[in-house]
Structure formats: structure tokens, C-alpha cells
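For reference, chains read A, B, C and D in written order, and residue numbers begin at 1 within each chain.
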Amino acid sequence: MRLFHETERCLKSGARGIAVLAAGALLATGLLAATAATHDADAEEAKRGGVLRFALPEEPLNLTGFKISDNGSIWAIEQICDSLIEPDDSGYGLRPALAESWTISDDGMVYEFKLREAKFSSGDPVTIDDVLFSLDQAADPEGYLGFVFPAMTREAVGEHVLRITLTEPFTPLLSVVSLFAAGIISKNVYEADPEQFGVAPVCAGPFKVESYERGSKLVLLPNEHYWDRRADGGPAAYLDRIEMLYVPETNVRMLGLKGGDYDVVNVVPLNQAKSVEADPNLTLEVSPSFRLDYVYLNHEAAPLDDKRIRLALNYAANREAILKVVYFGYGTIPNSYMPIINYHCDTVALIPYDPAKAKALVEEAGYDGTAIEVMVPSGDAPARQAAQVLQQGWEAAGLTIEIVELDVGTAYGRTEEGDFQAFVSYITSDTNDQDFLASIQADYNVFNSFFSAYKNEDVVQWLVQARQASDPAVRAELYCKAQQQTYGDGYSVPLNFKPFVNAYANYVKGFHNSVTGPWWLKDVWLDK
Amino acid sequence: MGTDAARTASRRAGSGEVVLEVSGLVTEFRLAHGTIRANADVFLRVRKGATLGVVGESGSGKSVLCRAILRLIPSPPGFVTAGRVLFEGRDLLTLSERQMRRVRGTQIKMVFQNPMTSLNPVWPIGDQITEGLRVHYGLGRAAARRQGIELLRQVGIPSPEARAREYPFQWSGGMLQRAVVAMAMAGEPKLLLADELTTALDVTIQDQILALLLEIQERTGMAMVLVSHDMAVVAETCDEVAVMYAGQIMETAPTKALFNDPKHPYTVGLMNSIPSVERRDDRLLPIPGQPPDLTRLNPGCPFAARCSHASPDCAETPVALREVGPAHHSACLYPERIGA
Amino acid sequence: MTALTARSISAAFAVRGEIGRWSVTMKVGVSIVGLIVLAGIFAPVVAPYNPYFQDYDQVLLPPSWDHLFGTDMVGRDLFSRVIYGIRIDLTVGFIITYVPMIYGVALGALAGYFGGTFDVVLMRVLDTAIAFPFLVLIIVIIAILGPGVHNIYIAVFLVAWTMYARLARAEMLVERNKDYMLAARTLGYPTSRIIFRHALPNIINSSIVFSMADFVLNVLLLSGLSFLGLGVQPPEPEWGAMVAEGRDFIFDAWWICTLPGLAIVLTGTGLSLIGDGLSQRLGQRHQTIL
Amino acid sequence: MTRAAPAAVVAVEDLVVEFRASRSIAALLRGISARRLRAVDGVSFTIARHETLGLVGESGSGKTTLGRALLGLYRASEGRITFEGAPIRAQKTRELRALRQHMQMVFQDPYSSLNPRMTVGQTLGEVLRFHAVCAKSEVVAEVAKLLELVGLSADMAARYPSALSGGQRQRVGLARALAVRPNFLVLDEPVAALDVSIQAQILNLLQDLRDELGLTILFIAHELSVVRHMSTRLAVMYLGKIVEIGAADAIFSAPSHPYTQGLMKAVPRLIPERRHREAVLKGDVPSPLAVPSGCRFHPRCPMARDLCRAETPPVVALGDGHEAACHFAEEAARTWAATSGGATV
């Protein structure tokens, strides 16, 4: 019930989807081998100084990490607050942050993190008390993302070591600790005035807040006390100042970019991506994301309780057309019920567009004409468009389709209550392990298979085994089986692995979207 | 009432100083379906301390005349296209709007038939009376109030101090008409235009208002133009009378001469139409037919079609006022036929 | 009631060969709306393509002789969609204008005629309804009932009749005291005949004139609601929904939102002109000659 | 004041008509009853066949209310009205409908008394059809006959009221009243809104129709001269009561109530002589919500004495059905004869 409640709140923010844990043994052994010194990736000599004007469609609601789950806040907090561990540049791996190193006991039950000598933006040192306090807040079961933390005890071992003891093995712990919500905050400052902290946080990230005007902009300055320095000995951040401008209207953002009012915009509408590509002064960045656009199906609502109907929906889904007219060619036709995270299975065969097969399946199922209501979030033009393309194919297969536009909150609410048939939406992952999204969607013990009521005991078993297995090859095989089975059962109607699409002026260098969503603005510099 | 016999006599003789002289006045309304000549070549003269009655039926142009004198015709569609309106020697038609406002506020006042529409329903009556005193005479609040109450007392409102604070809906029709008269009297105008002032009133209240007007005139010597459709009211209160029909003056004369020796068939027709309270007539002698369509007047006498004395040439020959007796003018081509 | 309205309208139009005496605004308005209505009625003939068919090889084509208004993002012929949209927008607009009007006028007329407790209660209901912002109220009702045309009918009806009731009641209060109403009573006519045959044609003018403006606003309301996703659902070719769909393409495919938007503007203009013409004509009838 | 004689077409006995002032919603909820206003306060009289009873009084005297009550448009709070022996009860609509074939009304304002949305022909035709006065096929001919009766041409049937002059409208109003072939008419200020030249035409028409059709008429007016011209008998109302009634000639020659006298003196005469007198009757008619004690006329009466303030005056019979409700009716009549009587007749 509590879990449900928390998820509901996450979902209703409508943005980020589910925060996901887990970094497996693979990460521990391979990816984490890298040290923190990845900053000198730029071949060019980075220039210092300048103001970055970044136009975003969402603004922060609160800058206290464990209190929020909306994109606007996350984007900002990632620049301001460091966790013990952080995603690496690509987002697929992890790297040390405020913890300079850590050890894991052989039984996987005890983790020890060694704190770095670091300072908050206020100049005060980051102490073990701050770390304990911050993790207490993040792991609080009543908090927004408390539910992702496993049962554990946290204690200080001396002044620089944090020890976490689990009650049972939980491989994804490092991913959990890397969450924005587990960012380390100054205990004293927070306790002095928790409300004020939400607009003027004191953290140990590369930037600090200069000013925050609600509804307008957030201005960031480099944090001179940031623990990391560039190779030249200078501060990690190249920029003098960042203005994160709240520009909700898409067309205004794009016009502003073209007109030189903004240096960077994110969430570029795909129909305008081509025109950005064609602009010699602009760069279009299309980067992979942990996101899958798909149609949620309710396996308990007739006629979707019949697998043949669900498969018919998949066979009659003209994904090529959708990729062309809705996504303008950006993205990939998915062969999974999951985004492409680690352990994505490439070998699952696509269900092809086959109207004849779909029609045959519908007839075979003895479809009685029960209308299928397809919910579309109002104002979401691509979703509505996709729904209409699907509708044409599905009706050609003999199904009756009704599209209903609903407020996002209403649509999620109905989904969570199981009061729906189909819902054009998406899912994203904040962290880079397959486990949580795989389980949350296909294990009916967790959120009733993400409200789809999908039940397959085999799949559940495979997922449990995969979570506990330490061998990456074994995990990969198990996830492959789960994906093959679930996809083949017509779990959902996957539409597109949709990439992140950002655009910036050519003089903006070092901008890169991580697969989990944010970007490292400390690496960005202006070549002008 | 302290009537000064000599002064009255001089008024009757029509020898007082001329306050207002209207000559050749033409007022037209240009409407979609044609142009209406509401006043055609109107001539009239009002003397100090005397009352000119203007009688006529609805549509005869008598109300338009009053408004034209004060330049209150809505334009468009109304236009004064010719004539002069001499008030104390100045042609009002040539004044600037600013000067005209001054004239309206202080020297020529006009009162209308329906007191409810002349008074603002959401203002205390006292304030409405003092407003003019403050705007046009620059009186202070207290002084204006004192004078307003005095004016109400003069028009016969009992306990005016208390009643000045009341609103129009709290007053009866007769009292409201007194208030309207009081407003007009503020600043002692030289000329009062009373447009059907008593038409909506009961005969008893009409009696009161007429008595009030005559009393004020005796006291202040102001000139009055009394517009009415009621021949009897005019007969009792006016020194001279102008009879209007279809925008033109048919006959004008000292009251006695007009009623005792009318020189226009229309005047006669009007008098014959009225039943008498004195005696019981078996049969009235109405004027046959309907008033003419003002957009389609013939070039001659507008009354020709209804006139029992008319000759064929009446409809063709343009009419003009001609002297038919001492200060007695008629527009009839054949005044001699009357009574024959 | 509707027959009376029609009678009243035809009297207002003075159909007996008086078209020549219509004002210019009236003629232009009737021509525009007439053409639109005809196009709607003969949509299958006028529209060159199936308005629902998506041709994924023909997406986002600019206006040309093949596609007069171009095609939209899923390859549907916009001109055909705009033409079929007439059926939806004008039909829904008509229903959400005139059904509330019929009820509102009837209730207002009865309240105005009889007065008393019924009138007092009705007036308080009206005051309460008018105290809420119209659009907000409708959006709230639709949010409760769910989106879709039928719920728009209900939501608008719940709100819109009040304006007509107010108008009709006010007119009835004036008309009730006129002598011809008394004369009808002295002639022994039944009350229903007095209210609906004698009073109604005299009190309905203001409602008819208002209904024209209301009609315009209701077409816009429907478009607005569809724009917000609360109205007509995809893939129905509703103008407001088409504008909403095209909004994201305004830079590279201006025609998708512009041309359906023009259809809304044109219809609104036509109806407004008729409204102006009607108010002139109906107003004239009451003018007395100078 | 008089018992219903067999010859009487209309008999009114102790009639009271009350109106309730409108209430606020708060009063409605609290059950507070509305204030009552007595517009007609205990009136009795009869109208004999072929007689024209004139009814005069200032506005607010209740004369219009009385006229409408006779037609059953207002409910009698007390007392009774009979028409040809049958009771008029406003609440019995079916009974009334039958009676209305015989009694009709003509209104003051020719601009509001006709439905502006119906042609003259429609207005008249509706009456004929509704009351089945004639066969359906004869309606058009009957409309033409009616128009002719009131001195209009048959082609007027196609016109709307807005295309008619005031006099023509009043003729149509008259035709509508006559369409059901009534024998009793209430004329409520039928010429007050007309120009004098038209007024005379209508008055003559009314006289002709009365004689031709043998009508019995209640003629309500505020203008004494018009009433005198039309009436055989006269009733003077003041604040809901009849203060004087009798043969018209008798009252005009010897008015015996100070109020009647005041009214008569207040009428301007067609005598071209600037008047030199004060107003005859001072003040206004009091509000019917605050009726004065004793004789309700006493605050304005030039003859008022203590008795008048204390006691309601009796009805004094002055012979030949001439009655006046005044303590000093005979004295008043004598005074009148002495001062201005000579000038009047």
C-alpha cells in the first residue's frame, strides 16, 4: 500500500516515471574501475567563462532532492548536489563522487564507503553526520523515493567511513546511492530552515544557486568549494554562470534558440528536429535514453484479456508509419516491453506489421465488438497522433477503437486503479540496471505488473533469479528469456525507443545528455 | 398675490421687451426613409414677463422647436438648416458649445413632461437641485444647500430640509414636477421653456403646477414658452399663442384674439374638437382625417387635405404668416372664409 | 416553441420577398453561413477525400491542387476534414445554443409571468449560476462527466440556459404589464396561450439576437474544449481539435492549424453578421416613428 | 350604495380589492405575510342597461382597478360583483370565459394594447375563432365587417400595429372588444393618449356604437369634460371609495362633495383670460397604505372640520339617486350654488 502510494506520486508528476535502482556486479567489476578523472575527454582546449542560457520546458518545484520527483527539479539538483556515487558521462556506468572509494563484503551484505575531503558550497566540510542525515532523509519510508531503498542499517565507522549493512543481499545498492534523491546536503543548513533550503540549497555539487525566481529562471554559479578540479588546477566548472530559463511553450523555446536568445534547449519537438539539423549555426543532439514509448494494456479488461487480441494489436500497429510521421524517423522500433537499459536483449524478434495476421487473430478470438478505449494525455500531440495511426490499423483489423483525451493526472489515476483498457504513455528509468523496470512491469507482486495485471509465474521466477545472480552472463540470459516471453505475450504495444533530442548553438561544447536524463553542465564550455 | 396691474397691462399689450425672437427656423431630420421637416420657417417672439403658448398635436414640431432653441437636437439625424434664434440680441445658433452650455445653465431653462426622466433616480433630490448652483454659479456646498432648500420651499415642498435628502422614488409625481421647476428656477433664468410640463399630471396637480408657474412669473418677471396640446391650459395661462401644425405655425395672436376670433381653420377645428365641461354637447365636430405624413408634404398648406374650407390651390400655394389683425397672424390663404 | 422561434425568425427575416431590404451585413452573413451549411450538408460531394484516411506517404504536404488545404501530419486531406468539420461544429454549436435557449426562455417566461415563489427561487438559482465563471464551470462539469460531445451537451446546457432565462424573464416583466396581455385575458384566452402565443413572440427577440452571439461563442467553446482535449475526440475532424493538432507544426506546416482556424473565424464572422443584421431588424420593429 | 335593481347589467356590492406587496426571499422563508394595499375599499353601485356610467378620480383613486375587477381580472377580496345576475369570480376561469362573450374592455394606451407581432387581421381573427363567433370560413368577412364598424377600411387587416396611427389603433382595440358582441364594455381612459382632433373622432364613434349596438358602458377617465360628454351617470372615486354618484347632469350642476367640486374647479376652461387664483385642491392623494382617519379626503378638504377627522361620513341621499359621502354634503351644494354655480351651467 505504501509502495503503491509512493509510486502514484511519482507517476502523477508525469515526467520521470520510475526511479530505478541497481548496479550489478558488472558495474562493480568493470565500469567502476575508472577513476574520477574523466573530465579531460575534450580534445580541444576548453575555454573558461561565459554565461549559458538554457531554456527548459519545466522548472524546479523544490531543490531539496528527497522531496521531489519532477524533471525540472531533478535537472537542477543534478548540477547542485553530489551523491556518494554518480552516473558516469554516458549514464550506463557509475563513478565515485563524494565517496572516493568503497568496498563490498563477499556475501554482498556489507558496504563501506570512504568519504572524500569535500566542502559544501558554504565552505563547511562534508561530514559523516551530513551523509548519515541525508541518507536518512532519502531512505525515509515516508519520503518520495524511500521505497527504493532496501532494509539496511547505516552507521559511521570513524569520521570518514560509512558502513551499510543489509538484511539480505541487494546488488543494486550502488545505483540507489547514486540517485539524485540521495544527494548529500548540509544538515545544519537544512535543519535551520527546511523551507528555505528548497529554494536555496547548500550541497556539494559543481554549482550553487545564486537566485531562483519561480516561474522565470534559476541562476547557478560555480561552487568554488567543489571537490574536483580541472587538470589545469582551475575549478571543475568552465562557465561563469548558468541561467536555467523556464520556457514552457515549445515554439517559444525553438524560436529563442534560433534567434540567439538561448544557447541550449532540451526536449526538442521531433517535427522541428530536421530544421535544427539544417541550421548551420545549430547542433542537434540525438542521444539514447532509458525510455520506451508504448501503449499500456489492461490484461483484465475485455477484450484485452485475450492474448490473441493483444497480439492482434501488435500485429496491426504500423510502427514504421509511427516512426515516420510521429517520431520523424528518430528512435528505434522496439522489440521489448522495456527501454534499452543494460541487459537489453537484442535477439528478441520484432512482431512485424501484419494486418492480415491481425485480422485473422481478431476473428479467431471471436471478438464481439467491445470497444477498446484508448486514453491519450490531453495536450500530448505525439501521443494523440500515434493513437490515431494505431486506430486506423486496429480498426482495419476489425477492432472498435475509441480515443479519449484525458488530463494526465486523470489518465494515470485510472491506470493505477485498473480502470482502463489502453493508455498511450511511456516509461523511463533514472538508473541504469534492468532489474527494477523489468520487475515493476512484469512481476505482478509489484504494482500488479505495473497495473497491467499481467501474470506469468515463469517470468517472475526468472526475474528473481536475475536479481540475485552475480554472473552477468546468467543475468543477461534470464532477462532475455523474460523479455522474449513478456513481449510475445502481448504485454503491451511498444511504439518507440525514443531518444533525447536537444539542440544548442555550435559554440556550446561538452554538452551531452546522459541516458538517465540529466547532463553535466560542469563539462560545458562556450567556444566564443 | 400682489399683482402689479400696470405691469400686467403692459404685458397684455405686448409691448414688453423682447427676450427671444425666433425667425425663419428650419429643423430637419434626415432619416433612412426620408427627410422630415419638423420645423419649417418658424417665427415667434417672447416678451419679458409674458408667456407664449405653443399648441399643437403630437408631431406638430412644438417639442422640436424647444430643443432647437436650446440646440439640444441630436445631430445627426437632426439639423437646424436655417433661421436665427435671437436671445437678448445674440443669435444662439452662432454660439460655441461652451457658451451655449452657459446659456442653458443660467439664462434659459427647460422643463419636461416626465419628471421621473428629468431626475436621476440614484441621487438625493436636494443634491440634484444644488448641482446646477455649484456648477454654474460656483456656490460652496453649504451656500448651495441653503439656496436649494429655499428653492424647494418656494415651489411649495413642505419641510424641505428633510425632504431634500430623499430620493425621487419617495416623492409623488406632483412633488417631483415641483422639484423640476425648482431646479429650473435656480439662478432665476430669463426664459423658461416648459414642454408639456403638466400633461402627465392629474388635473388637480396640473392646477397646482400652473398656479406655481404663474406665481413665479409674477415674482420674477421671467418669460415663458408653454408648450401644450391642451387649448384650455393655454387659454388660461398665456398672453400670446402660436398654433402649430406639421412643423409650421398656422396662426399666432394674443390669446383673447385667437380664442375669440380665430383666423385659421385648424385653430377652429381644434376648439370644436374639445368637449366642454360647462355644457353637454350632443355631438363633437372632429377634424376629419389623419395628420399628414411629414416626409410627404405637399408644397402648399399642410392642413389642406383636412380643411373644410380648402380650395384646390391651397395644396399648391406655399403658405406664409400674414397679418390679419393687431399682432394677429394667420397662415391661411382664405382667413375670411372662417365663420362664414 | 421551436415552431414559434422559427416563425419569429422568419418574421424577422421577413421572408415575404423582402430579402432586398436586408441590410448589407445581413446579406453577407447569410451568404457566408449559407455556403458553409451547404458545404456541410453536401460534404460527401464537396470533400475530395475520405477525411479519416491516413496516407503515410502524403504527410505534411502544403496546399496544392491535389490537396487544397494540404495534408496533416498523418497524411489526411485537410480540406476534406475542414468540410466534414462543418457537420460537427455547426451541429454541436446549434444544439448547445438552442436547446438551452428553448428551456431558458420557457422557464424565464413562466417565472416572469407568474412571479411569486417560483420566480424568487429561479432568480436565486440564476444569481448563483452567474456568479461562477462560465467556462470554468463547464470545464469542471466536463471534468466530472468525462470528455465527449454528449457531456458537452449536458455541461453547456446546465450553464447556458440561465442567460436565456434571465433575458426572457426581464422581457416578460415588461411585456406582462402591457395592455395587450390584459386584453388577451379579458378575451378569456388560456394562460398557456397568452404566454406562448401572445407574449413569447414579443419577448424572444433579445434571446434570438443573443443566441447568434452565443452560437459564435459556442462554436469557439467547442473548439476550445476540443483544443484542450475535453471536446470532440480524435479522429473526428473538429476544427478546434485540428488547430490543436497543428499547433506544434506551425513553423513547418502552417496550414494545419491556420486553415481550420480560418474556418472558425469565417463561421464566427458570418454568424456575427447575421446577429448584427437581426438585431437591427428586430430592433426596428419596436422603434416608433419620430 | 344602491341595491341591485332588475334592470342592472352590473351590480357591485361592498367590493374590496386588495393587492399584496411583493416579498423578499428572506420574508418568504420566514413566512412573513405581505403588506396589503386596498385599491378598492368597499364600493357598491349598479349600472343599468344602456347606461354609460362615468368613473372619474385622480390617479391612485382605484378606478382602473375597479374596472378590471368588474371583468374578473382581479379577484374580489370581499363583496361581490354580478353581471346579468351571474357572479363574477376571478378564480373560476371557465365560468368567466363564458361571461366574457358579453363583457369586454378597451384600454388606454393604443401603443401597448395590441400585440405588435400580430397583424390586425390576426388579432381580430383569433378572437373570432377562439370564441367561435362565426364559422371559420366567414372569419375574413367578419374581420372586414368589424373594421368597417369602427370606421377602418378592410385592407387594414394586413397591417401590423406599428403601421397604424394612434387613433387607428384605438379603433382596432375597439373592434377587438366588439368582436365577441358584448353588451357591456369597460372603457379605461380610451382617449387619454390621443390628440384632440382624433379624440373627438373616437368619442363620436363610441357614441354611435353605443346607440347602434345598445351597449352598457363603464367609462373610466380623468378628464371631466370627456366624461361629461359621454356619461349619463357619474361616479367620483377618491382613494378606493366612491364619494359621489348620480346623474351626470345633476352632479355637474350641483356637485355635493367638496372633492367633486375641487376637481371641477381645477379643470382649465377655454376662456382666454389669464387666471388669477391659487390652486383649488392642495397636496396629493395619500398613499393607500396610509389612509387618513375619518373622511379620507379631510386633509385636502377646504371644508374639513373636527367631525371629518373623526368619523367616516355617511352616504347622503340628495334625490334622484344622487348621493354624496360627505358629512356636509348639503352645505357644500349650497356653497357651490352661491359662489360659482351660475358660471357653470
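Here, contacts are C-beta pairs under 8 Å (C-beta built on N, C-alpha and C of every residue); 3 or more make two chains touch, one makes a residue touch a chain.
The structure presented is a predicted model; accordingly, all values stated were derived computationally and were not measured.
Of all chains displayed, C has the C-alpha centre closest to the centre of the whole protein C-alpha set. Chain centre most remote from that of subunit B: A (centre = mean of CA atoms). Looking at B-D and C-D, the interface holding more C-beta pairs in contact is that of B-D. Between the CA-based centres of subunit A and subunit D the separation comes to 91 Å, rounded to the whole angstrom. Separating the centre of subunit B from that of subunit D, both taken as means of CA atoms, is a distance of 31 Å. Here the CA centre of subunit B is 51 Å from the CA centre of subunit C.
Separating the CA-averaged centres of subunit C and subunit D is a span of 49 Å. Contact of a single residue of subunit B with at least two other chains is seen at no position. By the touch rule above, subunit C contacts subunit A in their complex via residues 52-54, 56, 59, 73-75, 143, 146-148, 228-230, 233-235, 244-245, 247-253.
Subunit A contributes residues 250-251, 254, 269, 271-272, 274-275, 318, 321, 324-326, 376, 378-379, 381, 384-385, 387-389, 391-392, 402-407, 410 to its touches with subunit C in the complex.
Residues 8, 11, 115, 117, 120, 124, 178-180, 182-190, 198, 201-202, 285-286, 288 of subunit C are the ones touching subunit D in the complex. Residue ranges on subunit D touching subunit B, taken from their complex, read 58-59, 165-168, 195-201, 203-204, 207, 222-226, 228-229, 248-249, 252, 262-282, 284-285, 344-345. Those residues of subunit B lying in contact with subunit D across their complex are 1, 3, 8, 12, 57-58, 172-175, 202-208, 210-212, 214, 229-233, 235-239, 255-256, 258-260, 269-281, 283-288, 290-291.
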